[in-house]
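In the two complexes that follow, chain A is the common piece, with chain B as its partner first and chain C second.
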Partner chain A sequence: MFGDYLKGKSKSDSNNDKRSVRAEKHEQEGMNPFSNKPLSASLEQNMELLKRELGDASDIMYRNLELENADRTKLLIVYVQGMVDDDMMNEFVIKPLLSKLSSDQAESTSGKFLELMKSSLLPTGTVNELADWKQFLQKLFMGYAIIMVEGTDKALAAAISGGEKRGIEEPKTEMAIRGPREGFTESLRVNTSLVRRKLRSPKVWMEQWTLGEITQTPVCIMYVKGLADEKMLEDVRERLNGICIDSIMESGNIEELISDQKWSPFPTIMYTERPDTVAGNLIEGRISLLVDGTPFALIVPSTLNMFFQTAEDYYQRFDIATFLRMLRFVSFVIAILMPSVYVAIASYHQEMIPTRLLLKLAAQREGVPFPAYLEAFIMEFVFEILREAVVRMPSAAGNTISIVGGLVIGQSAVEAGIVSPAVVIVVSITAIASFVAPVYSLGIAARLLRFLLLFAASTIGFYGIGMVMLLLLLHLSNLRSFGIPYLTPFAPFKLKDLKDTLVRAPLWLMRERPQLLPSKNKIRQQTEIEPRKEPTQ
Partner chain B sequence: MSKNAGINNAEITSGQCAKLYILFALGSSALILPTVVIEIAKQDAWLTMLLAGPINYLVLMIYLALADRFPNLSLVQYMEKLIGKWAAKALMLTYVLFFLVNSALVLRNISDFLGLSVLPITPTWFIDAIFMLVVIYGVCLGIETMARTGEILYFWSTFVIFIILIALLYQLDYKNFEPLLYNGILRPIKGLYPILGFPIGEFVFITMIFPLVRKTDRKKLRKSLKLATVMITAYSVLLTLFLIGVMGVDESSRSPFAVYDLAKNINIEEILVRVEILVAMIWIGTIFMKLVLCVYVLSVSTAQLLGLSNYRPLVVPFGFVVLPLSLIIYRNIAHARVFSAGVWTVYSVFQGYVLPLLLLIIAVIMKKRDNSEGNSFENRYQANESIGDNKSGDETDSIATKEPAPT
Partner chain C sequence: MSGRQSDGNDELLMKIVRTSILLWMSCILLFLSGCWDLRYLDKLGVVLAMGIDEDLSGKQKLQLTVQVVLTQNVAALSKGGGGGESPVTTYTDTGDTIFEAIRKMSAKTSRRLFFSHTQMLLISEGMSRKGIYPLLDLIERNPDIRTNISVAVTRGSTAKELLQVKTQMEAIPVIQILDMIEINQESYGMNYPVYVKDLIKTAGRGLMQASVPTVRMEGDKAKSNTSDNTSTIPAGAIPALTTMAVFRDGKLVEFLKPKESRGLSWLQGKVKNTVVKLACPESEGYLIVEVSNAHNRTTVRNVKGMPVVDITLSLIGNLQEITCPGIDVADEKAMDRIGMMTSEAVKQEAEAVINILQKKAKTDALGWAKEIYIHQPSLWRRIVPNWETEFPKVKHEIKCTTKINGSGIRSRSIVK
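Moving on to the complex of A and B:
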C-alpha cells in the first residue's frame, strides 16, 4: 500500500512536471512569444515589437507624449481600449503627466523620471513597476495602462481597469423571499468585495491564482484563517496546481477538473450565486473558489446535505425552515422515485393499491395502447424535451411552448386516449418536485437517475428499484468531497451535526460549528443564550 | 495521493462496527429464524430469543478477548502467530470454506424469499445474478463504504420496523401467549438450538472487522458491541412477540418468511394495505449487508491465506463461485429447514465458538500478545496522510502565478 502511495505521489509530481513542460512547449509554439525577454530602453523598439507580436491588434492603443520638462521626456502609454476606464485614463494618467511640473520636479533627469512618476505623478490606487514582457502582457490584458519612458528599460502599470460590466443584480438562480438581494457578478473583484462586506474580519484571507494558459483567468481561494483546515487548503492548492489546461471559462470547468469523483451524476462541489451563502459557508470552515468571469462561486467541501439548504433557512424562523427542508428531501425522493414506483405498482404489484383506486386506474387505462412503463417513459422524455426547449428559447417563444406543451401533451394526449391521465399526473408531480431542489446541479442527478430507475422498475418491479437504490447508496457512501464523506453527518454518523440537516435547529442551540470539518475552533456562541423566560413573580 | 489528505477516515468507527454487527444479525436470520424457533418453542419462543442474548454476549466476549490480545490482527492472521504457519493455513481454509458456504446460503435466502413472495415467475438465477452484481460492487468499494452504507440501512430498517410494529400494535392478542411455559422451561431452551448456529455462530465474521476499527475508538468498541447485543436481543424478542401475538403460533410456524407475512396484516383504514413490499425492501437491505460482509470476509481471509496484497481481484471470481453454489446448496425450502436446523448448527458452532475458544485458550496458556500490524488492505488513506504530512506547501508557489490584487 505504501507502493500505492508512492505511485500516487510520483504521479502528482509528474503532474507538476507536465505543467511546466506544457508551459515551455506553449512558449515554443509561440503562444507567449517574447515573455522572458526584458523590456528595451527604446520606445521605438518596444512599440515595434509589440505591434509585430500582437498582430497590430486594433483594440490596443498607443499614445505618445512629450513632456515639457528640461529633458523633453518622451513617454509611450499602451492600453487596451474597452478594458480601461476612459475617464480615469484622461483624469488620472494623461492629465497629471501633461500638467506643468514644479521647478524641482522639472530638474529631474530621465533616469529618475520613472521613480518620480511612480511616487508623485500618478494618482491611481495601484502602480506596479514592470521589468519584463511577461508581466507587461499580463497587466496589459488585465486592463492596466502601461507607461514607458524613453531611455528606461522599465515600465509602470497603472490600475485604471474599467469598461462596461454588469451591475450587481438579484441572483437569478437562487431566489429568496427574505435575505439580501445582491448576487455575484462576472467581475472577480466585485465578488470578493461582496463577501468582504459580509465578513469584515482580518481573518478572511484570499489567495490569488491564474489558471488557463490562454485565458489567464484570475481565480481566488477565499477562506477564514483559523477556521478552514490547513490540510484541506493544501489539498485545494495542490489540485489547482494540477490543472494545466488552455482555458478556464467558468467555475464549472474548475469544478469538473478538481472534484474527487469524476464519474458520478452527483455534484461533489457546490456552487452558489449568493455572497451570503459563501460567507455562511466560510464561517463554517469551508473554502470558497471565486472565478473571474462568472457569477458562480464554488464551495468545498460539499456534502449531500448542503444541496438541500438555502441561505434563507437561516433568516427565517427555525420551525418553518425545518419544515421546508424536510419538504425538499421528500421532493427529491419523489423526483427520483415517483415514475418508477408508479410503473412498478402498475405492472407488478397491483395488490398494493387500495381496491377502489385500482378500479379507477384500471378504468382509465382501458383503451390505452401502451403498457405502463412505455407510457411513463414517453411522457418523461417528452417532459425533458419541453423543459430543455423552454430553457433555451427566447422568453417570448417560451410561453408558446409551455402552452403547446401543456395543452397538447397534457390534455389532448389524454383525450385522444394515447396516455392515461394517471401518468400525466405522475409526470407532472415529478416535474414540480424536481424543481424544488435549491441547487440546480442536484436536480440534474435526479433527472438522470429517474430514467435508470424507470428502466429497473419496468424490468423487475420493486426488486429492481431496490437494487438500483442499493447501488446508489453504495455510490453515495463511496463519494467524497475533498476527503469528507459525502453523506456526513448521516454516514459516518455525527450526532452533533444533525442539528443542521433535516432539521434546522434554533440558532441559540447551534453553538458549535460542524464536526465534519476538521477545524479546531468549534465554538460559535460562547454564552448560552436561551429564549427569555417570563419573569416569575 | 492528496485526494484524501487532511481527513483520516481510513477506518471504521466503533459505532459503525456495532451497526454492521446488528445488520448482520438482522440479515437473513430475522426473516427466517422466528419460524424455526416458534416451531420448536411454540408460544414461548420469545423467551428463547431472550435467552439467546446472554449466549450471544458470551460468544462476543471470546472474540473481544482475542481482539484484546491481537488488536491489529484478524482471526486468520493471529492464528498463524498461535499455532504455526502450516496448521494455521489449514485452519484458515476451513474458515474460507465456512464463509463461502455461508455466502451461498445467504444468497439463496434472497432468491427463495423473492421467488416465493414477490417475483414468482422470474428465474432464480436472474434474481441471484442481479443481487450478486450489486454485492460485488459493494465489496470492491471497501469496508469504509460498506460501513457507511450500513449506517444508512440501519437507520432505515429501524425506522421501518418501528412503523410496522406500531401499525400492528392494536392487533396484538395476548391470548396467543397463553399458556406460558406450559411444558416447563425446557421447551424454550430447546428452541435455542437453531439460534446457536444461525446467526450466533456466524458472528465470527466480526473478528475480521475488529482490526479495521479506528484505534482511538477501540475503547468504545466494547461498549458499543455490548449495546449492539442488547439491541439484537430486543429486536428479535419484539419481532417474535408480534409474530406470536398477531399471527398466532400455528400460522407463524407454518409461514416460511414469517415477518413478511406479518406485514401483510397491516391494514389502516383500507388505505395503507399490503405494505409487505416495504418489509421486503428492508430485508433486501439487511440481507444485502450480510452478504456483502460475508463476501468481504471471504475475499479478505482468502487474500490473507494466500498472502496477496489486495483482496479486490478475488471478489469477482468468488461472485462466480457463490452464485452457482447458492443454486445447488439445497433443493428446496423443506430441505433448507433440515439443513439449517441439523447440519448448519453443528458446523457453525464449531467454526464460530469452538475454534476461537481453543485459540483463546492457547493464547492464554502461551501468554501471547501481539500489537503488530497485519495487512488489512484498508490502510491506504492512513498511509497517505502520514506521508502527506511531510510534504510542505513550497511547491505550490513556484508554479502558480501569484500577483497582487488589482484595485
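Moving on to the complex of A and C:
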C-alpha cells in the first residue's frame, strides 16, 4: 500500500506540472518567444534578457550577491515582490548564502557551486533545478526565488512563496449549523491541505495541472486511488487537455469548458466551498478539481440528486436529515411552479380551487389594472432586480434596499392597488423557496425555468405547465455528467442508491458506495454494524 | 468505406425524419387536445346559486334567478367595515330553458357569468311539480358546471325571493342555506343534502325515486331583501329548512311531515347525529337521547313470491337530558329500557315514512326496488314491470336496537 503511495508520488513529481498539449503548442508559437531557449551562463546576459522580455516590470526584483569564497562567486536572485515571503527570503535564502562558508564549501569551484547550494546551502523545503527559460518563468511567477550562478547555465528555484492571502474562514455560501466551519480559500495549497486533513490516506492522489496561457492557473485533480474510476479519470484528463484558453480565472471557467451539455440551465458539475463536501464525494468515488485563485472546488460526476444534499445531512440524525431533504425537493418544486400555477388558476382554471379561496382571490384582483400573468411577470421581474441589487450593491446600502424594496413593493404597490396581495404572497414564497436550494447554481436554474413556466402558464394554463414539465423531464433524462445519467438513481433506476436521495438512510444501513459510479470497490462498511442496544459484556 | 458512409447518411436521414415527426406530433398535440379558455378573474361574475321559478307572465316556461358575487364588496368585507354593501346581487330573466335564460341575462350583466363554482340550485314548488329532470340536463351536460350542486325545493316563496334574502350569519346568503342543510343533517338529521348527481342517478332506471330538502322563508317577506333585514335583531326574514320532499318520476308529489322526514333519513342512512325525545315512563318529563351513530342494513327475503324488506337499524346513543325524577342511570337495566324506548321511537318514525310512501305518495323514495334488484334478482325481474302497483304491497320488517353508552357527567337528575 505504501509502495503504491511512493510510486504515485514519484510519478506525479516527474510530470509535475501537466498542461494541455494544445496550450503548450500555442504558447511556443507566440506568447513567450524565448521560453524554450536555454539559460545563459552569464548573469549579465540573463538579466538583460529578462528585463527586456518582461518589460522591466517593477515588481520583479533582482538582487546581486558576491560570496566570500575562493572564487568570489557572483549570484543573481530574481523574485516577484509580493509573491514571496520576505521573511523566508531573508532567513532561508540570503542569510545562508552570505554567512561564512565552511572550508570545504569555500573551496568548491563555481561549476559545482550550484550543486552545493542545492544540497546544503538552501534550507527551504523545495529546491528545483532549472535548465531553460520556460521553467524559469513558471517558477518565478509561482512565487519562487530563483538563484543564478555566474558561469553556470542553470538556475535554482527555492520555494519560499508567500505574500498576503485570505485566512480560512467559514464558507459564505454553504452554511451549516452542525459540521466543520472551515471553507476553502483562494490558495490551492491551503485547499488541498484542507482536504488532506480530512482524508489522511495515502490513497488520496493529486495531479497538478496548469491551465490558461496567461493566467497559468494551477489546477489540481484530486481523487482516491482505487475508488475513482480510471476511465472517468482519463476522461477528466482528456477534457482538461482540450482546454486552450488564455485565462482560467475561476473554477466556473473550467466547469463551462468541460461539462457534457453546453446548452442546459441545469448544472452538470457541482461546486462546493466546503472541504468536507469534497472529502465526502471523493470517498464515494468522485473526482474533484481544485483551482488556484478560487474557493470553489468542482466535483464530477454530478447528478441532480447531489444538488439537494448538504454536508450537514450526514451529521444530523437521519430522520431530521430525511425531512430536510424532502423539504428541499418540495421547495425546489415550489420555486419553479408556484407563480405559474397561480397564473394558470387565475386565468384559466378558476374552477379548480375552493369557492371561498376563489372569492378571496377575485376580491383581491378587483381593480388591479393588469391581468394576472402580467402582474406575476412584473412582480417576479422586480424581485429579480431586487435580488441582483442586493448582491451587487455596497453592503453599506443594504438596509436602504431592503426597506425600499419591502415597503415599496410589499406594501405601497398593494395599497395603491397596482398589484394584488396574492401575487406578492406568491412571489415571496417562491423567493424564499428558491433560496432553500443548497447549491446556488441549481437555484439559478430554477429562476430561469420559472419564467419559462410562467410564460407557458399564461398562454395555455395548466396544459402549458404540463407540457413544459414534460419537456423538462425529457431534457433532464437526456443530460449526462461525465457519462453518468443526470437523473440517476431515479432513471436509470438504482434501488440501492435510493437510500441517499429523498431519504437519507441511517449510516449503519449505507453499507455500500453509490452504484452509479463504475468503481469496483463498493463496500463501505465491512461488517453489518447496527447501533448496539446494550453494552456487550 | 462507401458503404459505411451511406449507412451514416441513412442514419442521419432517419434521425431527421424521426425528429420532424416528433416535432409535428407535439405541434398537433398543442392544438388538438382539450379546450382552453382565457378568462380573467376580475372579469367573471361568479354565480353561487341558481333559482328556478315558473314564469309568472306565462309566456315562457321558466324564470331563472342567479345569485352573483360582487367581488369588490367581498373585498370591502374582508377588510372590515363593510359599509352595508351587499356582497351578492341577483339577476333574473325568463326563458324556455335554463341556458337560454342564462344567455339572455348577458343583456344585464357587465361580466361573464361563471358557473363552475355554483353551489346551490333552488327549485320552486311549482317547477318541481312540473318535473325537475328538464332543469338538470344542462348541469349534467355542461363540462363547466359541477354536478355536486346542492338542490332544494322552495315552499311558500319563490326561489327568487329566497335568493334575495339578506342574511346575518353568512355574508353570502346562499352559503347560509347551503350550510344550513349540512348542519341540520349533522345535528338533527331531518334534512340531508341532495346533489344534482344524486338526482340524475334517480332519473336512470327508476330503481329509486328522488327526495330533496325543502326551504321556506320565515318572517317578514317584504323586508327580506333590504338592508333593514339584517340591521335588526333578530333578522326580519330568514330562510329556514322544513322537511324532505319526495318525488315520483322527477315530479314532486309530497312534502313529508317532520317525523316522516327523519324517518326517511334513518332509512337512507343519512343521519349523522340527532336527538330522540322520549316521555319518561313513570312520571312527567322527558328523556333526551342523543344518537351519535346510526347504522342501517337492508336485505330482502322472498316469502311466497313476494318480497319482504328487512331493515335493521343499530344505534348508539347517550342520555343528554333527563327532566324527570327517578331515573337511575347507574342501573344497567334502566339504561337497556331507555335503549328499547329509543328503538321504538325510531321505529315509529321509520314506519311513518314507509306508510306515507306506500299509501299516499306511492313513490319508492327508499330505493326498495334497488334492494330487491340486489338481493332477489329473480323476484325483481318478475315484479318490476308493474312496480308502481307492486310497491305499495311490499311488506317490511324493521328491527331496531339501541345501545346507550353513557349519561353525561351527572348521574341522578336534579329534577325532583
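Definition applied: the second predicted complex is superposed on the first by the 503 of 537 C-alpha atoms of A that agree within 3 Å, B and C clash if a C-alpha of one lies under 4 Å from a C-alpha of the other, contacts with A are read in each partner's own complex, and residues count from 1 in each chain.
Note that a residue touches a chain if its C-beta (ideal position, glycine included) is under 8 Å from a C-beta of that chain, and two chains touch if they have at least 3 such contacts.
On a predicted model such as this, the values are computed, not experimentally measured, just so you know.
After superposition on chain A, the partners chain B and chain C collide with one another. Set against each other, chain B and chain C touch different numbers of residues in chain A, with B touching more. Touch criterion not met for A:A397: it reaches neither chain B nor chain C. When the two structures are aligned on the shared chain, A:E351 is found in touch with chain B and with chain C. Contact with chain B, but none with chain C, is seen for A:S477 once the two complexes are overlaid on the shared chain. Look at A:L361: by the touch rule set out above, it reaches chain C but stays clear of chain B.
Once chain A of one complex is fitted onto chain A of the other, the partner contacts of A:I432 are absent, as it touches neither chain B nor chain C.
In the superposition on chain A, contact is made by A:A372 with chain C only, not with chain B. By the touch criterion defined above, A:M467 reaches both chain B and chain C. Residue contacts after overlaying the shared chain place A:L327 against neither chain B nor chain C. With chain A as the common frame, the single stretch of chain B that clashes into chain C is 309-317; none of the other options in 165-173, 255-263 or 309-317 do.
In the superposition on the C-alpha atoms of chain A, the part of chain A touched by chain B in one complex and by chain C in the other spans residues 348, 351, 355, 460-461, 463, 467. Within the complex formed with chain A, the residues of chain B that make contact are 1-7, 9, 13, 15-16, 114, 118-119, 122, 126-127, 130-131, 134, 137-138, 141, 144-153, 155, 270-271, 273-275, 277, 280-281, 284-285, 288, 309, 375, 377, 379-380, 383-384, 387-388, 391, 393, 395-396, 399-407. Partner chain B is touched in their complex by these residues of chain A: 1-2, 4-5, 8-9, 11-12, 16, 19-20, 124-126, 128, 138, 142-144, 159, 161, 189, 206-210, 229, 231-232, 234-235, 237-241, 260, 348-349, 351-352, 354-355, 460-464, 466-467, 470-471, 473-474, 477-478, 480, 482-485, 487, 490-493, 518. Residues of chain A that touch chain C in their complex: 346-348, 350-351, 355, 358-368, 371-372, 460-461, 463, 467.
Those residues of chain C lying in contact with chain A across their complex are 29-30, 33-34, 36-42, 44, 46, 48, 69, 71-72, 74-75, 78, 114, 116-117, 119, 144, 146, 172.
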